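Okay, so subunit A shows up in both of these, paired with subunit B first and subunit C after.
And now, the complex of A and B:
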């Protein structure tokens, strides 16, 4: 495994950064995609929407632009209508009408997705869930929380904290993303290693089908084995089988103490062995295990003016513990680090539970994506790989794209085998595009990896789905789509590959 | 809330016990059920099965009896053919043939189910998974384990322990039940409060559809968002959408230390408040929270000759901790108990980490079901209820059945809102049956509870499914059944109510 020389990390400033505020090309111009046979919205349709919602909750014209562009500026749709329902019944009425007219729709949460799944491809009506933000109930005994799907993750967290609970999900976009969007995309994030995935935590959903039918699959219980577990059809299917309007989620006890270790590591094998040691010694208090390579850390520290507490290393790791007794947790974490140093797994490290210092460490990790975006156009990949081959794709790809890219770097949730791989260039560039895709997916597939770990398939990856899923599985997905959304009005051009591929 | 007088617990012996070894009536005689329009097995069919499998893996005649009767002796089928495949391909060949001939089949794991789901109702061919017991891979870094579905839970646990991992599931039947059966029924068990449910832990399945098609939905990753999450269709659908042949499951780090507290509690409100205190003070090390009422404890201690370390109380609770540092865990547990005693939540208690003593405590809990069975015929209910109303159904039902029942008692996973409610009588008795059903389900439904928490629907509960699921949800289940098993050969008469109901 080769690495760029250490000094490269300091060269960012010299290479110059492209502006990220440029409005991207229209999706239909940038990508080879053909509009489906859907109705084109007319004044009567708008009038109908205004009759279902209040007039000011039907947005048209200029104001719709923000809803047409994704966060990373990779796609841009041309929808002229954004609807803002407040109730499940309104969503039901909207879909019933759209289905009868064969009007395509795209449900949109916080629009923080990274695969172009949350904005229109053409002129689909945007159904923004932002006003469906009511928290219905927080039960401190059982830890079960019921809310509408448009509640912002950070707001949900703040509310459940008052009852000594925490949301079993945390990710960089928490200030914008909706819990319903998280559920619809089966978001993973930073603490999956501790609290598990949303298929485990979400106990019930209410979803509206394409024909407007409301499916009440809510449950207040962690144990509820009554028939087929239909709710999972809506968790992670990215709004293409129904629109999630409400959910029940189990929130564990909030930790009383959080500690963070930030360490420098000389090589990838040591990353792996340090992780194994942490699993053993930190066991139940381990709440995050992140890896950041040298170039990735260079991006966030440089672009966001953050002073790293460590000197330069090829790899960095973050270990977070969350527990109920700070003295116990500190003792475990210190013992773990001492052992890791003694075994020469870790070259240097800092431990802290001061919130300002923890914030700085997390910013170095969480602001990498944003920093890369500021620096130009970024091809982003989110893959799961066997830990034994986890990092080797980074140097391989670096060599493959050579000087065409400004930076090729990798970071991510190593504790969950999830790598975020980034190829940064000045602007969208077809030559690099053809060098990295489908190469990254083929490489991943050869290692039986997943071509989408936590970001989903969205608009960008349907044609690569077959690298991770068998023909039989894709056929069954299609059968389910036909069963549940025969007119294919829900989030078209996403998730499933077109039939002729 | 009223309770029977304390002395009642000592009256078991005087009441006399029915024999549990009696062969139950045939299901078709005891229950109003009509055979479906399936083929009747002939010699040619048997010859075909013998050509797919080795001859000695096709069981006919007398030896099939054990496969026809469920563990609690509530149902008895009349199948004359039991098949024992060793590979997925053999399962595929069997189903392909059965589907073409319209021969009904019932998949069978360890046959430890409690809702009559794992044995034939009439003459369905039994597909026993007992020889599909190979463990394919245990990855100590990621904790991911791949195995065939017929591995006995206890054997799987023993194997993963060698790599410092543990199976995220534990239940009384662990010595017999199969991990594939656990997955197919979405088994819950004793440690769900710590490790979550199988929808979260199971990362992939391989299943064979009714037509013999092999669905490879295996994954080696905790994060894998590639299309609809189809595997959940097979988790908890009780073999009625496909037969699970292989699975990948995430196994967490094995605990280094286990401690147990067994406490006596004077009333249900104190049970609840003690639980809340435990959640706060034991947080991440809490691995089990059980409640046992006085009569339930009396059953196991009397029938299994166990000496309880505590005197008699209306309620008992078990708190188990599992952690990575025994000194820390002991300190937390002792602090918790001292606080609970100071607040007068707990009347008396013992703490131990000696394995013999822990075994005794767990036996008092785990052998209740077996003890009840030894004492006569037991109507068993497995319901989830809001914690605020968790126990009140027990005295209500006790009053309702009066002297007709020998014992009405409740115990269960209070930490997961899951009550095991039992009505014991000498033998199956239609008068009691009509008093308890549908009463229990109606009562549960009024509280928005679940009519099956962890045992599933099986043969006994399809007609009660509507108490927990909406018409729309049941309709969609039926549509999925039709899509995936149009001839309805997979585990018929189970899970879904008949169409004319």
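And now, the complex of A and C:
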């Protein structure tokens, strides 16, 4: 069926588009960082790993390169060992051994993280979860899915759809990211506004601690108030408190009717007012509200060869509704948009519920990051800001970097006050780096915003943690880390700033 | 200027995973997402473009099907079609309809509405028949230009570039004629907000099969509908010699 050829191009791009052919500098050469006091892998270690796993699941040599570089090409480690366990028991044995030898490890999912958190900084052993991709059970009555952490998000979605359920999160990296990675980073995504964040949807976690102990916090029920809710420690701690091996997630019923509107808006105040009107008139059926500025749309439409259905506007918004009755939702959506146009909040727009057209509209939003990657080196920021000041930072930063940057643009989950700010230049350069950081974080901090709304801290942001968390809070995080991983072998150099600066 | 009749069919959305009913009588359509047949979208786009270029005075969309076909007509109206006609046929009667019935309906409506150009999608993605355009032309004794990837108005009628196995064929035809749209004819537009609002006021005339004088008695009987056989797993062979001998065993090479 010839129309499907369009979707096969889309699938290729989603399957983790290999970024520029340029290999980034080694992290230790590009950033100031010192190797910790960890063991150096020797042949006995490799032999031990081979005895725990099968020989072909212990990867060494050239093949390890891909596991050492992050998706945006900002960091590169020099690990020479990649392990691919299939079961929780194997993960447990690996960690027990590494802990006894003080070998540092990096748990790795789809390697689509944007803060350098998923790859080694030095020679940490990569524990890739890709072979832990079994879906154990999908219960259509309760909506609860039990699966291993290495299931690719898109595959999980396809499987639960068969039982009329949908995964409560969705993001551009779905073709590559693992649900375990999503949980470990508390990923947000396009539908957070409707389904809330993973702390709510994840009912149970099975994780392996640094000493190899298997922590079974799995649950089959939404309601289980029995003691401290330890599972939350593993949601969002980015693999530094334990390696997530299994999950129980509550999946909402798949919507019967999805409608999408793509509109052009003349200025930022109108973006805010339209959003307010949408909340009022679409209320319970609203499932996604996104904003894209003119330059960001230009990137995705040009680089991915997509035809925008609208002429150029300074801002665009996407409104998605999900409900159980198409006629009802369609009418609400068109009435809302009609009102928005009559009040001159929206200049023009298109509405559709045809799969092919909805896919195209989402591509224009979801492929911006990939497009920027193809165009050069991109400094990416993910901040939560009060809506009234949400967009101001873009022109301010644009002026600050002047000619050094090719493009400064912003887009994101305006429905969640979360802006993705991007500074595109030809290649990584220290001058722009120092102009942009810590300026962006200081600006955010002044507004009491979050320096990392959903991307996490990873390797790039520990030094900025203090902008959004108090000293006492960071101290308590350190205490927990020491309790759960005294040898600090789990994903070192990430999340928490080092004690001695 | 021409008056154009466009056909739109409500089909299961192309992205939906098709399920065969347990009793093997057909595929599951209840509660499943439906949309306008993609080739019909292209046909509508072409007709609306002609109107914008002032080559057509009016565009009428016709759909044959259950009450929900009205939604498909509304989409066509929102793309710029002037008015719609819905021949309502539901249930078992609808399931047994074949291109032979549909083509007679299109012929009758074209005559009643004094259309001189009929534009249809080349085939529907549910039955893949690829017969309605050709049969309609035959019923009316009009020329047909099917698998069109480009349509141009000429003094005498139309110049149409057709996609054929060997490449592209250019033909000319007088009007009245029947054209069927192929994939590359155009990229269908989105329904814009002003047009969606306008579409609500455009009329849809409701008719029955009897009103157009077409006998919809089924001419076929569906014996069973089954899934295609599950693809067998391949096997990995250690070397070329084994590969060649296995191919010979299976009769794929001599």
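Following the convention adopted for this analysis, the second predicted complex is superposed on the first by the 482 of 501 C-alpha atoms of A that agree within 3 Å, B and C clash if a C-alpha of one lies under 4 Å from a C-alpha of the other, contacts with A are read in each partner's own complex, and residues count from 1 in each chain.
We take it that a residue touches a chain if its C-beta (ideal position, glycine included) is under 8 Å from a C-beta of that chain, and two chains touch if they have at least 3 such contacts.
Treat the numbers as computed from the prediction; the structure is a model and nothing was measured.
**Student:** Of the partners subunit B and subunit C, which touch A:221 in the superposed model: first, second, both, neither?
**Tutor:** A:221 sits against subunit B, while subunit C stays out of touch.
**Student:** Tell me which of subunit B and subunit C touches more residues of subunit A.
**Tutor:** B
**Student:** Given the touch rule stated above, what does A:355 touch, subunit B (first), subunit C (second), both, or neither?
**Tutor:** second
**Student:** Would you sort A:307 into first (subunit B), second (subunit C), both or neither based on which partner it touches?
**Tutor:** second
**Student:** Now for A:452: first (subunit B), second (subunit C), both, or neither, which partner does it touch?
**Tutor:** Touch partner of A:452: subunit B, not subunit C.
**Student:** Should A:256 be classified as contacting the first partner (subunit B), the second (subunit C), both, or neither?
**Tutor:** After superposing on A, A:256 lies in contact with both subunit B and subunit C.
**Student:** Should A:149 be classified as contacting the first partner (subunit B), the second (subunit C), both, or neither?
**Tutor:** Neither partner.
**Student:** Does the superposition put A:296 against subunit B (first), subunit C (second), both, or neither?
**Tutor:** neither
**Student:** Once chain A of both complexes is superposed, is A:280 in touch with subunit B (first), subunit C (second), both, or neither?
**Tutor:** first
**Student:** One more residue to check, A:479. First (subunit B), second (subunit C), both or neither?
**Tutor:** Only subunit B; A:479 stays clear of subunit C.
**Student:** Which parts of subunit A are touched by subunit B and by subunit C alike?
**Tutor:** After superposing on chain A, subunit A residues 256 contact both subunit B and subunit C.
**Student:** State the interface residues of subunit B toward subunit A in the complex, per the touch definition above.
**Tutor:** Those residues of subunit B that touch subunit A are 139-143, 164, 185-186, 188, 192-193, 196-197, 199-201, 213-217, 219-230, 232-233, 235-237, 241, 253, 255-256, 272, 275-276, 279-285, 322-325, 328, 331-332, 384, 386-388, 413, 416-418, 448-457, 465, 468-470, 472-474, 476-477, 479-480, 483, 495-496.
**Student:** Quick check on the complex: what are the subunit A residues that touch subunit C?
**Tutor:** For this pair, the touching residues of subunit A are 1-4, 7, 162, 256, 262-263, 307, 309, 327, 334, 337-338, 341, 346, 348-357, 359.
**Student:** Going by the contact rule set out above, which residues of subunit C touch subunit A in the complex?
**Tutor:** For subunit C paired with subunit A, touching residues are 13-15, 17, 31, 33, 35-36, 38, 41, 71, 75, 125, 183, 187, 189-194, 196-197.
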